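Have a look at the structure below before the remarks.
Read from first to last, the chains carry the letters A, B, C and D; within each, the first residue is number 1.
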Amino acid sequence: MSLSELLLFFVPGFPLLLAIPLLHRLLPRAEYLAILPAAMLLSLPENIFVETPWLLFGAGLGSNTETRLLLMMSVVLWIFAAFMQNVHASRNSNSEANNYHSTYFFLTLSGHLGAILANGLVGFFAFSTLIGYGFYGLLVETGNDTVKKAGRIYICFIIVADLLLFEAALLAATVTDDMGFDAVRAAMIDSSVTGLYMTMVLIGFALKAGFWPMHHWLFLTFRSVRPATAMLLAGVPVAMALLGTLRWLPLGEISVPGLGLLIQGIGGVAIMYTVLAVLIRRQHNHPAAYVTLTATGLFVIALGAVFIEPVLWDLYASPMFYAIVLLSVGLALLTIIIRWTDTTASNQKPLDTVLLYGCWSEKLISWGRRMGFELLPRLRNVFLVYVQSLWRVSFWQKNLQIGEYYLQRWSLAVTILLLIGVTIVTSLIIE
Amino acid sequence: MLTMQVQNVPWLVIVITLPLVGSLLCFLLPQQAKKLGLMTAFTIAASLIGLLFQVLDQGAQRYTVGGWDAPLGINLYVDGLSLLLLLMTALVGLGISVYATAYFNRDKTVYYWPLWLLLWSALNALFLSADLFNLYVCLELLGLSAVALVAIAGGADALGAAIRYLLVSLLGSLFYLLGVALIYHSVASVDIIIVAERIDATPPILAAMGLMSAGLLFKTALFPMHFWLPPAHANAPAPVSALLSALVVKASFYILLRLWLDVFPLPQEVLGQFLGLLGAAAVIWGGVQALRQTRLKMLIAYSTVAQIGYLFIAFPLATSIAWKGALYLLLSHALAKSAMFMAAGNILHFGGHDTILKLDRVAQRLPLTVAAFSLAGVSIMGLPPSGGFIGKWLLLNAALQAGEWWWALVLIGGGLLSAGYIFKVVGFAFTQTEASHEVHHVPAAMQWTAFMMALAAILVGLIAPWPLALMDIGLPFEMVVNKGSNG
Amino acid sequence: MAFFYALTGVALFTLGLYALIIYAHLMRKILAINIMGSGVFLVLVALAARTQTVPDPVPHAMVITGIVVAVSATALALALMLRLLEVSGCEELAEEPKE
Amino acid sequence: MSLDSVFPLFILATSLVPGLIIFFLPESAVRTRISLNMGGALIKVFLVGIVIWGVFNGHHYETRLPFLPGLDLVLRIGALSILFVTLSTGLWLVTTVYAIGYLEDSPHRSRFFGFFSLCVTATIGIALAGNLITFLLFYELLTLATYPLIVHRGTEEARHAGRTYLVYTIMGGALLLIGTVWLYGITGSLEFVHRGFVSAIVDTHRSSLIIIFVLLIAGLGVKAALLPFHGWLPQAMVAPAPVSALLHAVAVVKAGAFGIVRVVHDVYGVEVAVSLGVTLPLAVLAAVTIIYGSVRALFQDDLKRRLAFSTVSQVSYITLGIAVAGPIATIGGLVHLVHQGVMKITLFFCAGNLAETLGIHKISEMNGVGRRMPWTMAAFTIGAFGMIGAPPLAGFVSKWYLGLGALDAGQDWVIFVLAGSSLLNAAYFLPVLHAAWFKEPVGQWPHEHIFGRMETAWALLLPPVFTAFLSVALGLFASVPFSPLEWARFVTSLEFAP
């Protein structure tokens, strides 16, 4: 367990530790300190891998040239975010809210770093859930009610996505017992469950990244969220989802033309949708949202192409990877510039259209509450009332009383005894 | 040396005469009645231990009184069955004696001790006697002293209950005597062993069998003839109702069991099924009535009616496991029921009333009594750690092995009913209501004896192998053996 | 000859039984008990007349003990009845169970 | 009487003896009562540690007391019993600390702690039972010891809950008794043997064996809160928090589940159970209970009732794991036995804290409670996420193995049940968290106790934080040698070895 491997643990571990309000209140400039281990890891040139059999069925951490690039991007991004965070913290007097805000900040940071370094299916899944819930906290903590509504939709997507990725990991576990990425990719080439596995992974990460059909929360949040989170929004959850697709799917080995065509179709429609939205400016949204949507649309098209023609993968591999890096940093810069030049964005009136999913869940909960789903107990009460009337104490009391009295009257005893008297007489006569 | 001496002492006679002498002394010296009574109780217990060692060492004992042998003289016979009942009487008797010292005030103790020791001697004689007429005499002695004890309470309903009990007891004894007369007419002897050899299924014997069974059923208060038991047991003072429920009712059951095993000629399917049916009816009727009661002592009395029903379920099964199960139920019921009546006595003494609905916060102010009641209730219900469970388990086993599963349903139903009325009382004891009535302090002796008896009812469940081994001495239950010789 | 005595004994027994059950008055009940007792004793004595000339002594012993027991029982019953009369003023045995 | 044969009795006595002594302690003897309780708990933990080490090295601990002709009271420490003993011993220690803090100055504490120790003795007895008759004895003792705890407060509502509890459990006990006697009648022995002892007579007594199985499972189902018999659990929530924490989340409910495991593994054996065709209906019943419990929990406004219905559905995971009858699913079921206990007790502790410190009982009153009691709500959040099955926590491990086992055993419908139930779990836990952390507190707390600088008394705060930490540790370090997962694997290897 050399020093560098220990450092590998510290990169996601230290921010997670700092997430506890008690600790990060003590350390000065805690946000910057949290990023320090990641920066130190960047300085080490060689590739480091660590296997942890005893940690969550052998999840492993590792850094190679590719991840180091991503790590460098995330360090830059998080330094900017930390700076924006401090600016915001100094302006807002309420220290209590700040505490919680920074907790979610650290949670998302540790999730992000962990996701980059993880090289096991379960590890990646764990850290991406951490990002999801951390980011939800960041979103809902500060924003006004539209952001809260968007947060609620986001959390629903996150839960469904986690469930799908959980099932996909299960499928992978049935095929191979080593959960490393390349082992899983190798096993997925010729196994029977590949189709199901790939669809689940694609839908899962689509939900997390906000691909075209599920992009509502992306638009909503960009509208009125504070700069720090808006910047993170572009960089962290979306980029990590894209990274996930690259890591989980067995790209370049198998050709699935049908799926590829479908995906390319969706990508194309997404791009057309954004162009249309920009033209008619129906939703006066934040330009960054449009840029994200187009970027993800392009990414999806590339992905579809790889599925149709696996040999393209070695051609597209590095550009897609760089696309992810550019996407997060570029978007971060874009949000900052727009935020400074256009101060009017913050007082936008909240979106009034009540979104479809939101009202469904409310209706279900209120119906349930009204019904109280006490159908069964209500039937039971009716039955109990009926039994109560049946068992009216007076009705039974009287009968039992008469029964007891009848016994008291000895007449029953009379019949038995006279019977025996008769037997005596007959026995004597016969004898 | 000591063991040599202990062996040849005629413990059988001592066990009968000691209580007689004790009761006479208590009658003659009323001031020291309490001390004398307690001393006699302890000496009886000691002599019984001596008898236990004698029997363990030399097996079943037969002792001819005054040297005359069977046809004329009276024989005393002790085997596992009677020894176990004697030990039960001693244990329960000891507990009740200690309880009675604290329960009765000045004038009542003068009457209580002579009658109680007289009753005890009648019980001991009954369990030991080996001929039919001697059983009749002990039965009469038992009945009269029990009636007198019930009448001690002195109230109008106590006296009414006492007279009713007396009339029923006399009726039962006369039936029994007529049966003995008919048996003597055909077999010319009353000794059980000789009668067992010469008996066969002639009409007078059948009539005698019917008469004697009816008589004994009257005194055991089985279902249709149980009407005298609840008022008698509920209105008697607490220690008296305890010994009535625990011991007196069991004596006539013992005689019926002895006759059924040794004397009655052919295997009795019809009569057995009939008795089983009556027993099942008693279990259900007793349970339902107990649920209905508002007074605690009436509830416990009806619970006795139900538990007696359990004992009769062993008759249709008639295998040695069934008899042992019935006997174990009898033993644990005696302990548990005496504890329950003592607890009821404490509550009555404490609050002046025993209506269940107003058992306010008794659990907090009389924790020991409520603990005693609940532990005894556990044994009555037949839940595992208790003696009641062992009895129920053996009976269930016998029922399922004999293939007659409906007796098992009756046993389980009875258990549920008893759980119903036990927890009805225990539930009320946790009430939060503030009832205003003046409170008499309950002496510690009364509470602790109730608790110890209840604890004994539970512990008897954990030491099952010893009593079961004791029951096998003298092979009382292998009725098939001697029946075969002349059946 | 002994056979008829036994038959009358049984008849007395059944008569006493009937009277005991039907009449509510305690005095009648106690009398009925005595009649039943004497009925049983008559049966016992009748059965003692064995075929051979000298009657068999054992039933006679039983009858004597029976008589002693019957006397003491009746004494106790009468004492209780008087006590009940004193306390509750009526010597009928209360038939309907009080609530 | 070599030491090995007395050891189970020692473990039993460490909670029985203090319990009996505490009964007779006067109410004011607080110090002796606390020392007795804590002493008993610590010694028991120590003994269990020694026993775990012993069993791992092949020691054979068994106490045999004569009970009935041909039947003995057997206390045997096998691999399966270790799992349940460690769970209840550890959580008893934590709950004792919590109970001491919770019942600071309430009346009848001697009575409470007396019955509390009796309950744990009964649970340990159930865990160590070596044959069905001993199991039945401690099973009934558990009913008797828990009734006074439910009725402890003496309010009308508590007594009603106690009455319902009794009706269910006494009925269950009667069914179990009939089944046991009938089984004894047929097989002649009730000893727990690794792959069941009925295989010899399966073909001759096929139908009666099926009926006995139904009787036994119905009797045990009452305590394991399977669907038709779960009615008593939500009502028993009226009991004080430590009671609902240890008993209705760990001891009583787990006793039922543990009983089902024993019946399927050590009485019938998995192959015989599958050949009799009884495992599929049991799995369907467990699945229906899971969904029903979660749906009912969705619409409860009272916090403890919601947790109660959640317990109803979570315990049926164990039955589902066993009924799927595959080796990996069994590991999942067994490990869930431990994990669910730890996570659920955290949730109940936090519910107790909220009720005790702020007087909160309803979820609608929980707005902004995260600010007022951060540590308690943090523990509640970890417990809730564990229940949902979020990755690093203990719940994830057991759901993982259950899902994997279901796939491996070819019962694919189980996956949809698990997925649906995880969704429902999220649906009824996340709004609670959302309300606690992100909503503004509305006005004054119902009735607030100020415990000085800390958010609540240390005795109330420490246990939930510890158990929350434990559930994280169980999740993260799942495959450490002595972890519940490895022990469950060791147990299953005994059961399914070819």
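The criterion applied here is as follows: a contact is a pair of C-beta atoms (placed from the backbone, for glycine too) under 8 Å apart; a residue touches a chain by one contact, two chains touch by 3 or more.
Note that the structure is predicted; figures quoted are calculated from it, not measured.
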(message) Hop distance check: subunit C to subunit D, minimum number of steps through touching chains?
(response) 2
(request) In contact with subunit A and with subunit D at once: which chains are those? Just list them. (result) B
(message) Can you check which chain pair, B-C or A-B, has more C-beta pairs in contact?
(response) B-C
(request) Mind checking the centre-to-centre distance between subunit B and subunit C? Centres are C-alpha means, answer in whole Å. (result) 27
(message) How many angstrom lie between the centres of subunit A and subunit B, each centre taken as the mean Cα position?
(response) 71
(message) I'd like the Å distance between the centres of subunit B and subunit D, where a centre is the mean of that chain's Cα atoms.
(response) 43
(message) Quick check: how many Å separate the C-alpha centres of subunit A and subunit C?
(response) 94
(message) Residues of subunit A that contact two or more other chains, please.
(response) 404, 408, 413, 417, 424, 428
(message) Give me the residue numbers in subunit C that touch at least two other chains, ranges are fine.
(response) 13, 17
(request) Quick one: which residues in subunit B touch 2 or more of the other chains? (result) 178, 182
(request) Spell out the residues on subunit C that touch subunit B in their complex, using ranges where they run on. (result) 13, 17, 20, 26, 29, 33, 36-37, 40, 43-44, 47, 56, 58-59, 62, 65-66, 69, 72-73, 76-77, 80-81, 83-84, 87-88, 93-94, 98
(message) Show me the residue ranges of subunit B that touch subunit D in the complex, using the header's touch definition.
(response) 364, 367, 371, 378, 381, 383-385, 390, 392-394, 396-397, 400-401, 408, 412, 415-416, 419, 423, 427, 430-432, 462, 464-465, 468
(message) Which residues of subunit A touch subunit B once you look at their complex with the stated criterion?
(response) 397, 400, 404, 407-408, 412-413, 416-417, 420, 423-424, 426-428, 430-431
(request) Quick one: which bits of subunit D touch subunit A in the complex? Just the residue numbers, please. (result) 295-296, 298-299, 301, 370-371, 374, 385, 388-392, 397, 399-400, 403-404, 407-408, 415, 419, 422-423, 426, 430, 434, 437-438, 475-480
(request) In the complex, go through subunit B and note every residue touching subunit A. (result) 175, 178, 182, 202-204, 206-207, 210-211, 214, 224-227, 288-289, 292
